[in-house]
């Protein structure tokens, strides 16, 4: 069986010229890391996409066609992604889903713009479910790109809105990874705090190298020495878990406002250290979902395990938008679908979700939640755990989280 | 002042942790002349084995069993892989361990998945030990420091006070001679390799729950352990110890400094902290390739 | 006339032990000079001091009147001194011809050139071919050095040593491990190829030494106890006692 | 140049010209481009590993910095697109001179460790100074500028031929380099640095020049990558890239000029095409590398060359039956192993399937060992005969 597959692989290497058979399918290329350091995150996303697609297919698909996910491992490399994009185009795939790494997303947007200009008949639409660089819906906005996650600025806007009401916050420490995302978080945090809470003092603005720090104790010592009561961080992965663990070890009494406290691997790695210390700003709050949203979660957890949190709902939402747009356009042609998707609204797990036409940025409510012991009213656990959960502290309405855009969209 | 003392304490802690991570590498290097690129991978295996074993029989038995198990695997790898590579030269050996690191990471992916596993500090060692100014110092870190110092003592004794240690050192320079005296040199090397791997695994059992047990943990410490061994002097246990402390303290203090570097507009000393060890290594290798206390060049 | 090679008060310590204990030695230009001595007398160390493999602890070494102490091996080589090694030391993966050709490149001024093909360097190729012939390896020219027989490797070693046209040649036990006939052939070869040059040779085989050398120095416990013509050395009582006496029994 | 060698060059050239006509699809074409770039990069690496005996863990530094300078110059819009790789090469050369001076002061393991340190530092600074390095988001550019003799270099096919042209230039240049005094002395220094000193050469200087020149070609490869992807990010400087080129070169075979070429092709196919079919590709990749180290230190090229020598000596017919007979149990074992790996990656838990697979592997292995005991004499005899012919 497997040998035959291998043989197939070899043959395919030489016979890539053959056009692919199925035309009665809508295929989505999922270009994300499925191996390497970020492989777990990529696999999580793939599972959510496959789950969403199965649900859609169970209801008969779209326009009589089934949706099919074609996973492609880009190893978190921009260059690799461009090659996979070409491979997807060759296979006649017109829809790309990606989310991990703004570097990859940026490269894809660039390449798709060029491709669609050179071969408009084979245009590609890019469904971005998690790459949050604000540029993509501002200066670098593209007609072919749709973002289903809140961008860095929107999350910070929601966060600072919430902080307006938190009078006990007086000294803030910014601690971020030394690369573009961390720089962006630090920059926008300073700007928005100055605007919404001028009384708050930023007592530290620290950048540490990405994924290179083993022991965060020295950083925590600095935070402690600064007297900060609040830490804002865009860190993800082990850079976040280790930071929180070090804070617990030193008994640092400060709240950690994070972007990625709920993502793959972080809740189990933090464990007790995160309780009542870690907060998350996100469009996702498992325990605040409406009945429909709960039904989706129940099905997901039943299928993949009770500790699995479908926190990348943006993936499911993107699939839903795609299907609705196809139905509205009565076509699977990318240009028509993209046009139909603009300004479309659907009911999400927390209320109405809108795809803003000006810049293709999704607009939805946001939540500030705290990492706590699970159980009781908190039905749904945090990802990868059974006994921890996120408790929503506040909801920021869609309108408040939306930010103005500088996008000047060029439409075909 | 407060920051100074906290930093000093953190620096020493981190230094001892570095020593714990690199002692097995030094052992193998000083006795066999092999730079084991897969060292960090065995550290990772130790953490995963520690996680699995401790979930059945508890943390303390795992502290013994996991290093033994991983050490046995190491010995087998020496017997059936390294030895073969050794025959085709030094470079082949180095590349063998390089490839091994690659493969072990894949196996870990396969067996335990790509996400971190919930490997926790045992309750008896959890919690603060004492309070320095406003910060607490966790018991578990003190435990780690104690183990690290214990490793130093044990290794030092092994190398300089036991017959086995002297024999292995002799075998390193004159294998034929030692063999002619009736000792089984290959088996000796196998034991040493297994021992060094076991030390890495012990560090893994202890480090895995203090930090995060995940497939990327090997890559995260992979190169820093080389820095320690190289700066300390290839093949010198005391050198590695001194280098660990020096690097630990230096790096920790660098984090505390917000002074902006001249010529680089927004870069502070603190930002460069984790890169400093590599800079030290390169300078050391150029100026004094023997390292702080090494006895020979490579 | 200045000596081809002059050592003054050369000492070498390894840790606490002193292997070479104040050697004064003068090798005249154009002579064949042998250094003999019992095992452990420090002959090889002395050799390595001259060729800068080790740095002397004390003392001076001069080549054609110019001091070479502290110079690097390749610099000494460029000043006209070449050496062979006790343990055969070739470029094993290259052919016999290429081995020799590498050895002639520098002296012909080709240096580190990466803009000309070695195959087109007529002078280097001719010279290399000539030397390969001279050391009797013409038939083996295309074989990798690593597969040659022991005697052939020793011959190649001598070929490489003389290829750079150095005026002072140091040979470290060139006939060690050879059979009687092989030794005779080697001696003839050495005699032939060092014609007109200064030769310093370390050797155990007394028949080689006495058949080849113009002058002999005897090294015992890191010191030169006698220097003279073969006849003088034979007649020297101290040498007899310290060295030849024991060798005669061996 | 012998006639067969001339034929080999001619065939290579023909393949380069014809390949895109056969594999005309975008994906296949990008694959060919990727291969071409890796070939140049791996060959430049082998100038160090295979030719000078220097194991480097930081070769991506020259590739990445070459690519970075190339994209900055591309964005200036001053240099015609076809010459951008030259910019990368010059940058690689410049850094080769600087870092080469630092690193080649030592050889052996010390050299390897210094390159590791330098590589780590450059990689780390790439995230610290995003203005120049572009951070993880990278710097993008547009290769199609003013038409150059009617070529815009927008379409992939034009880029392919540009890469192919540079590939030919680099391969010829690097091959020529092996036949110059410097190239030969690099071999000499690799085999025996001490001896090299006593024929008048400074091994440190030889190593330094080789690192600098190898930096040039690595930089050209970086410049080609710039044109192909139109984006340069921190990833091209990373330890992963350094490791990849080491693996590719070694698997191909360091002892042969063509080794890295074959290695680059195999690795590209594995990491791109095989990765599309199985998640286990890194596992196979690791196994391939380890088996190369343990069983065929000459790499894949070594295996091919041995067959060719057997063929030339008329001995292939004697060993061919051995191959055929060994192939049966060998395939059973390898097939079983592949099935086992795939089942593991797919989380198959059927005990029956596992038992069957292991049984097949065991049978294959035992049969192979049994057969080998009978066949090894014949094989050894053939090798002996070959050695006898080579050394008359």
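Every chain is named by a letter (A, B, C and D) in the order it is written, and numbering of its residues begins at 1.
Keep in mind that, in the parts below, a residue touches a chain if its C-beta (ideal position, glycine included) is under 8 Å from a C-beta of that chain, and two chains touch if they have at least 3 such contacts.
Quantities reported herein were computed from a predicted structural model and do not represent experimental measurements.
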Residual chain groupings, excluding chain D and keeping positions: A, B | C
| item | value |
| --- | --- |
| Geometric centre distance via CA averages, chain D-chain A, whole Å | 36 |
| Cα-centroid distance, chain B relative to chain C, in whole angstrom | 47 |
| Distance between chain centroids, defined by C-alpha means - chain C, chain D (Å) | 42 |
| Multi-chain contact residues (two or more partners), chain B | 271, 274-275 |
| In chain D, residues with contacts to at least two other chains | 124, 128, 282 |
| For chain A, residues contacting two or more additional chains | 35, 178, 209, 212 |
| Pairwise chain contacts, counting only pairs that touch as defined | A-B, A-D, B-D, C-D |
| Contact footprint of chain C on chain D as seen in their complex | 176-177, 179-185, 187-188, 191-192, 194-203, 205-206, 209, 213, 387, 390-391 |
| Parts of chain A lying in touch with chain D, wherever the complex brings them together | 1-3, 5-6, 8-10, 12-14, 16-17, 34-35, 72-73, 77-80, 82-83, 86-87, 89-90, 101-103, 106-107, 110-111, 114, 118, 133, 178-181, 183, 209-210, 212 |
| Chain B-facing residues of chain A, complex | 35, 37, 39-40, 43, 178, 206-209, 211-215, 217-222, 224-225, 237-238, 241-242, 245, 249-252, 264-265, 268-269, 271, 384-385 |
| Parts of chain B lying in touch with chain D, wherever the complex brings them together | 35, 81, 84-85, 88, 90-92, 94-96, 98-100, 102-103, 106-107, 110, 223, 226-227, 230, 234, 264, 267, 271-272, 274-275, 278-279, 281-282, 285-286, 289, 297-298 |
| Parts of chain D lying in touch with chain A, wherever the complex brings them together | 23-31, 34, 124, 127-128, 130, 135-138, 140, 154-156, 225, 229-231, 233-236, 269, 272-279, 281-282, 335, 338-339, 341-343 |
